[in-house]
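We call the chains A, B, C, D, E and F, going by the order they appear; numbering starts again at 1 in every chain.
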Amino acid sequence: MTTPPTEAGLRRLPCNLVDRAIEAALAEDLGLAGDITTDATVPPDATASAFIVAQQRGVVSGLPLAEAAFRALNASVIFKAEITDGMLITRGKSLAHISGNARAILTAERVALNFLGRMSGIATLTRAYVNQVVGTSARIVDTRKTTPGLRAIEKYAVRCGGGHNHRSGLFDAVLIKDNHIIAAGGPLAAMQAARSHAGHMVRIEIEVDTLDQLREILPLSPDVILLDNMSRDELREAVALNEGRTLLEASGGVDLNSVRAIAETGVDIISVGALTHSAPVLDLGLDFQKSSA
Amino acid sequence: MTTPPTEAGLRRLPCNLVDRAIEAALAEDLGLAGDITTDATVPPDATASAFIVAQQRGVVSGLPLAEAAFRALNASVIFKAEITDGMLITRGKSLAHISGNARAILTAERVALNFLGRMSGIATLTRAYVNQVVGTSARIVDTRKTTPGLRAIEKYAVRCGGGHNHRSGLFDAVLIKDNHIIAAGGPLAAMQAARSHAGHMVRIEIEVDTLDQLREILPLSPDVILLDNMSRDELREAVALNEGRTLLEASGGVDLNSVRAIAETGVDIISVGALTHSAPVLDLGLDFQKSSA
Amino acid sequence: MTTPPTEAGLRRLPCNLVDRAIEAALAEDLGLAGDITTDATVPPDATASAFIVAQQRGVVSGLPLAEAAFRALNASVIFKAEITDGMLITRGKSLAHISGNARAILTAERVALNFLGRMSGIATLTRAYVNQVVGTSARIVDTRKTTPGLRAIEKYAVRCGGGHNHRSGLFDAVLIKDNHIIAAGGPLAAMQAARSHAGHMVRIEIEVDTLDQLREILPLSPDVILLDNMSRDELREAVALNEGRTLLEASGGVDLNSVRAIAETGVDIISVGALTHSAPVLDLGLDFQKSSA
Amino acid sequence: MTTPPTEAGLRRLPCNLVDRAIEAALAEDLGLAGDITTDATVPPDATASAFIVAQQRGVVSGLPLAEAAFRALNASVIFKAEITDGMLITRGKSLAHISGNARAILTAERVALNFLGRMSGIATLTRAYVNQVVGTSARIVDTRKTTPGLRAIEKYAVRCGGGHNHRSGLFDAVLIKDNHIIAAGGPLAAMQAARSHAGHMVRIEIEVDTLDQLREILPLSPDVILLDNMSRDELREAVALNEGRTLLEASGGVDLNSVRAIAETGVDIISVGALTHSAPVLDLGLDFQKSSA
Amino acid sequence: MTTPPTEAGLRRLPCNLVDRAIEAALAEDLGLAGDITTDATVPPDATASAFIVAQQRGVVSGLPLAEAAFRALNASVIFKAEITDGMLITRGKSLAHISGNARAILTAERVALNFLGRMSGIATLTRAYVNQVVGTSARIVDTRKTTPGLRAIEKYAVRCGGGHNHRSGLFDAVLIKDNHIIAAGGPLAAMQAARSHAGHMVRIEIEVDTLDQLREILPLSPDVILLDNMSRDELREAVALNEGRTLLEASGGVDLNSVRAIAETGVDIISVGALTHSAPVLDLGLDFQKSSA
Amino acid sequence: MTTPPTEAGLRRLPCNLVDRAIEAALAEDLGLAGDITTDATVPPDATASAFIVAQQRGVVSGLPLAEAAFRALNASVIFKAEITDGMLITRGKSLAHISGNARAILTAERVALNFLGRMSGIATLTRAYVNQVVGTSARIVDTRKTTPGLRAIEKYAVRCGGGHNHRSGLFDAVLIKDNHIIAAGGPLAAMQAARSHAGHMVRIEIEVDTLDQLREILPLSPDVILLDNMSRDELREAVALNEGRTLLEASGGVDLNSVRAIAETGVDIISVGALTHSAPVLDLGLDFQKSSA
């Protein structure tokens, strides 16, 4: 299960998702009175031209959202991306050139940069983890620890960084944790309940904290086993016990320092909450060229 | 303009905002099929009891959202906060005790923690900045560099940390930047246009990059002047030139190391984008007690 | 993979789904002027009492929606179900007793019965299919041929009838059909593309029309193989070729007469579009008892 | 009041209704992650060409929705209808040709066919009833027993089949049933209450179960009288008693076998719940031609 | 068709309409930051008590909306109406007493009074028209010249004033005007088209400008004829020509001075746009009693 | 602070606001069945041409909404404004020429005129007030006594009339009234609470009823002081006491007769509730030219 951090063939962000996210963000920033500064100071027919410039090196994600922000204000604004999502940009380079109605560009600037900066921040951090595990068979995946309301967008940013996605939510896959096992009356009962209730297109993962639990659960043939907070030695032994039968996911205590050693234990999946809950923004700016009426 | 990082008298988060945010977050996590793991494994009438526990020291923000998440799933869940928003919590201490329907608690757990962790992360970082400027007359304020869709919630978290809020969006105050000045034909024209178009309840701020610009603008009597990316020497001279006539805001190049020195220049306001765009999550967990049917 | 048509332990319908469906249905029926007949003729404080009665034998589904319809009009209406979703009812028997404000009961009647009748119709038809395959290892599952806007509700009705659910939509599982295979450049390329793009919690199914295609695809180890429009002899041979390695789904040409023979070929899954696209309504009525003020 | 099943001059479906219905159906099918199969396997710029083909004979309804589904995914898809709503199509004939972006066509296929199949099913069943009463003066009309959320669309499908529409909902016409009469204190009081409260643009219908009730109500001059579950002999006598004064509607016990005889009693209106609550889907398929990049 | 301006038995405003209107109005007034004045100055647990007092004589309408506004802010606020919608209030009298959480009362005050003042203004003006025609057989009705977004609420206010409602919108009744007649090819063709397309529960009205047109149209037996901008002599002659066959509606040139004379011509309906497009607000105030903590 | 009633440079209405308002108004008028009269009588491809004509003299406001109404029904309708918002029109003159699809023009007519008539009514009344104070330094401003749901649109109409806007809602500025002062424990405490809680971009206004209160509050340096219901002599004395330090707003008892004398007292701001709560509609009509197919 090799996961080369590819810059091509990225699965795309649905259009309606982009439109809705931009609409909500603009509504929040514009209120009912709009951009009162720009409306007061910039003539309606003034034009402008600007570059989005990287203030630091990183992986780009969110260009379709940035474009949509400007065009939502004025459909005739021209947005020319100079790079594509998933690609690396270096400091001082331009991500895109924007030209057209000056009011639209000034008013949409912050919403465009807020999306682009955050998403690129996630992609950049993801890429750092992915780079650490190059050559191993481990995939770096995200978690449900995403910003409320932005999960699909953040999961796309993880893909831009070369990572993969864990389940989308509580609805599309089963993940049986310790409390579910207790409530169901043991791992066997929990697995049977899940198999009986879930459709045949739903994967079932189950969490174990110890190697003893792993031994108890392996014969139940879940699709994936989550090895929670295990030491590297335990992970290595888990891989050995598994004999390639089921996918093994490691989680807990993963950071940029530890991730390579964890990958080298032979686990298939390493899930990292920090990708989405603690990635700093990628610093980007909008540099205007001389505007002309 | 002293701003003591107070833990009392916090201006509150509107209820409808809380409800809408929780509804959106749950919709995203539950989809149309719901929590298929919990529904399959946990009996409908099982009960549970759990504590939200801090895994690290920080300032709490978001308890009303956490409560709303659990109660949205089942209105009879009891959420007993053991602390209030804006207070400091130490590692290992409990923020709240939750008891009631086990399915509701398990299903809402992630949404509750996602809000609480992010908001507390912002409050904690804000408090760190506020602590640095204690004893000076500077207020720490946020920017419009917030997570799209969550601005009002993040601005509340900044207040929980003892910070103050800059304008809410483009609609409620005027902030004239260099491009507006160029488009309007100079600072005087821009100020006049803003005064003529804006209502009398709208404050007007104008950005300057140099002391020469400051000298040109001071006689125009804006409500606030933004001193962008100035050195500490320039800031000190700006404070002297101003002679207490208008509020002065410093922005750019502010971090936890530099903020005290900037505050000591005598500026009234220091705006910090990182409060909302790069605060790491505060690590929190939900610890279940033995559940009982 | 036995699927006994059980009447207990049904995975439930999410509450917010029920509320939203009822709100939309009432909005459509009430418009902005409301129930002008009832408002004109029935005193505001009149009360009534009624039974929902089965006019024919069938499997019940939709009681939570019926209850929600009455209670949306007046929260003090008492709805006492006399049976639960997933159970069989015979002609002339009562499903529920409703009492309280007469206006609310009269106004909500049609919305309640429209949901209950349609959903019970689906559950009843599903049960008929499930009964046909008792003793085989085949599961009866639905398709995406559902009523636009009501998919999650109809999939719940299928579960009430003892059936299981196929994927929820295009977003939660991969189903590679002939056009995808052609576009990708063959089944191997299609499977690899799917594996590389989809997360590890996503199941992958691929469609084959012939046994030759099946032979080509079996080594690729998809999670499920869809055997489209095959004869029973072909299905039997497919089961033999598979040697239990992957789940096999039969689709096409399935009706109540043919389903048992198809199940007896040894396939694991039989998908039936008619469950949701052509189930006739179950005939139900609301019988009022003497109303009293 | 002759009602020839005309294929021209059909009152149209409002545009915004079409757009909203398609948006909701696509949202349900695409979730937040979109069509993960197509995105993984089909190149973004691949094109395709396909026909929508009737697998059985029937009356077409829903082409504007099918077109909107494809174009919602990609506005440059070309949808060329080869027939119009309300027309009869025979087995094997094409309803429309679609060409353009392959991803858009594959992703929208099911939503387009779900609407088209269901609506054509209703139109086809309606046409069967309408054909049965040709030459009589009876109109075939629908009821409020429609699919929740799709009433306006289903009522349009009834018109496509040559039927007419009963009231849209509880808000646009008065229909006084037995419970209203009891609550109001008799038919005279109910009619007076309705006349006093309803505007002058609102029609008033009242239900009777017996000829005695009819005799009591005729002098009150309602706009329409609903003859509920009467035998053909009773219907005939009702027509005679009425002497052409008011419109008479027959309901209850209507099927394709009985409808002609009911029409021949001379009633003006025959309402048939089955048109919308039990019409089977019209079987349609999307046949792709060789796709080309 | 006598229409006594009754104060009892008013057809009610649907609950969901009230809730949605209040939610929209509060959202507009509170934005995302809420009532920043009240939050800063009034303790969270302070209580208050106030009366809504009429500053001028008029007919009350909108109490359910006022109550909903206060209770939307805090469900424990007690709203005790001292009068009911449709009743006359004199200057200085109290409409309602409100007590409970002080923040909620202060924050909701303006929204509550905005609805109550406008609706009572409409009811008061309607009552003035209705009083003018007492003893004639004419009904005073509204038009579609309502405030966008508030039509159902304004039509309710008209009923509170003793008026009646014309059609709700373009969807629930046919009103054939001169342009429709021209487009259809004459009044006969227009009436036939309307009869053929509209359901049997839809009333048909047609507009005439001259007595000649009236003579041409009377034999076509529309449900209502609109006599547009006719002189009183023409109206009288129209009434004579009609011989009681169809309802006659007068419109155009109606004001409080002319309405009685128009009613005395014998027309059944007089429609007055001013009821909803030009009614001045009824002056109301919220008088606080000494607040207590 | 001179406020010349200019007809140029008007701050514009945000596009999304226009679109949403039109969508809501059309939804209310069209319901789910649409314009049944026009659909029945006007051929789908008929075209028409019409002028919007002023039946009385006034100031125009709302042309972008009128245009949006027609174009929402059919995007190819051509709307040619012959005047711009904020300009004076005389009786009999045309505001705009509309041409294109006849159904679209007929169906959108009422929604377009409802917005245009109401908004122009507000602009016209505002202009009357503004004209009265020409040559003084007073601005005419609106209040929060606006139509629920239409505040931003009505505030734009006030600007079209040459007026200015007070705060947008409770969220964007502080206005401390008597009840806030009592709850906070006096004016000093209230001002301090407001300063401490509000951001530095928020203006603070405080209400006084007497000159004694004014003397107490002046040293607290609020941004604006509201002089409520003061006599002209009191206002004059307030202006003298203020010595130009803070903005003074007069409110209460303002009408077209009194406004000039109030302005001449030297106050800066005069707020007038009647601008939005009691402006009569400006009478406008749609005059069709001969339509052609």
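The rule is short, and it goes like this: contacts are C-beta pairs under 8 Å (C-beta built on N, C-alpha and C of every residue); 3 or more make two chains touch, one makes a residue touch a chain.
For clarity, every value in this text was computed on a predicted model and none was experimentally measured.
Peer 1: Tell me which of A-D and A-E has more C-beta pairs in contact.
Peer 2: A-D is joined by more C-beta pairs in contact.
Peer 1: Matching residue numbers in more than half of the contact pairs is the bar here; say which of B-F, B-D or B-C clears it relative to D-E.
Peer 2: Comparing each option in B-F, B-D or B-C with D-E, the repeat is B-F.
Peer 1: State the chain with the largest centre-to-centre distance from chain B, centres being mean CA positions.
Peer 2: Result for max centroid distance from chain B is chain D.
Peer 1: Quote the value, from 0 to 180 degrees and to the nearest 5, of the angle by which the CA atoms of chain B must be rotated to coincide with those of chain C.
Peer 2: With C-alpha atoms aligned, the rotation comes to 120 degrees.
Peer 1: Where the centres are mean C-alpha positions, what is the separation of chain B from chain E, in Å?
Peer 2: Taking the average C-alpha coordinate of chain B and of chain E, the gap between them is 45 Å.
Peer 1: What whole-Å value do you get for the distance between chain C and chain F if each is reduced to the mean of its CA atoms?
Peer 2: Each chain's C-alpha centroid was found; their separation is 53 Å.
Peer 1: Quick check: how many Å separate the C-alpha centres of chain A and chain C?
Peer 2: Here the centre of chain C sits 33 Å away from the centre of chain A.
Peer 1: Between chain C and chain D, tell me the centre distance in angstrom, where each centre is the average of that chain's C-alpha atoms.
Peer 2: 23
Peer 1: Show the residues in chain C shared as contacts by 2 or more other chains, in ascending order.
Peer 2: 11, 28, 30-34, 36, 39-40, 151-152, 168, 171-173, 175, 193, 196-197, 202
Peer 1: Line, ring, star, complete or other: which describes how these chains touch one another?
Peer 2: Chain contacts: complete, every pair touches.
Peer 1: Show which residues of chain D lie in contact with chain F when the two form their complex.
Peer 2: Contact set of chain D toward chain F: 11-17, 151-152, 155, 168.
Peer 1: Would you mind writing out the residues of chain C in touch with chain E in their complex?
Peer 2: 23, 26-27, 30-34, 36, 39-40, 44, 73
Peer 1: Show me the residue ranges of chain B that touch chain A in the complex, using the header's touch definition.
Peer 2: Touch residues, chain B against chain A: 21, 24-25, 28-43, 46, 48, 102, 106-107, 110-111, 113-115, 117-118, 121, 144-152, 168-177, 179-184, 190, 193-194, 196-198, 202, 273-274, 277-278, 280-281, 288, 291.
Peer 1: Spell out the part of chain C that touches chain A in their complex, as residue ranges.
Peer 2: So the residues of chain C in touch with chain A come to 1, 3, 9, 11, 139, 141, 164-168, 171-173, 175, 193, 195-197, 199-203, 205, 223-224, 247, 249, 268-269.
Peer 1: Contact residues on chain D for chain B in the complex?
Peer 2: Those residues of chain D that touch chain B are 28, 31-32.
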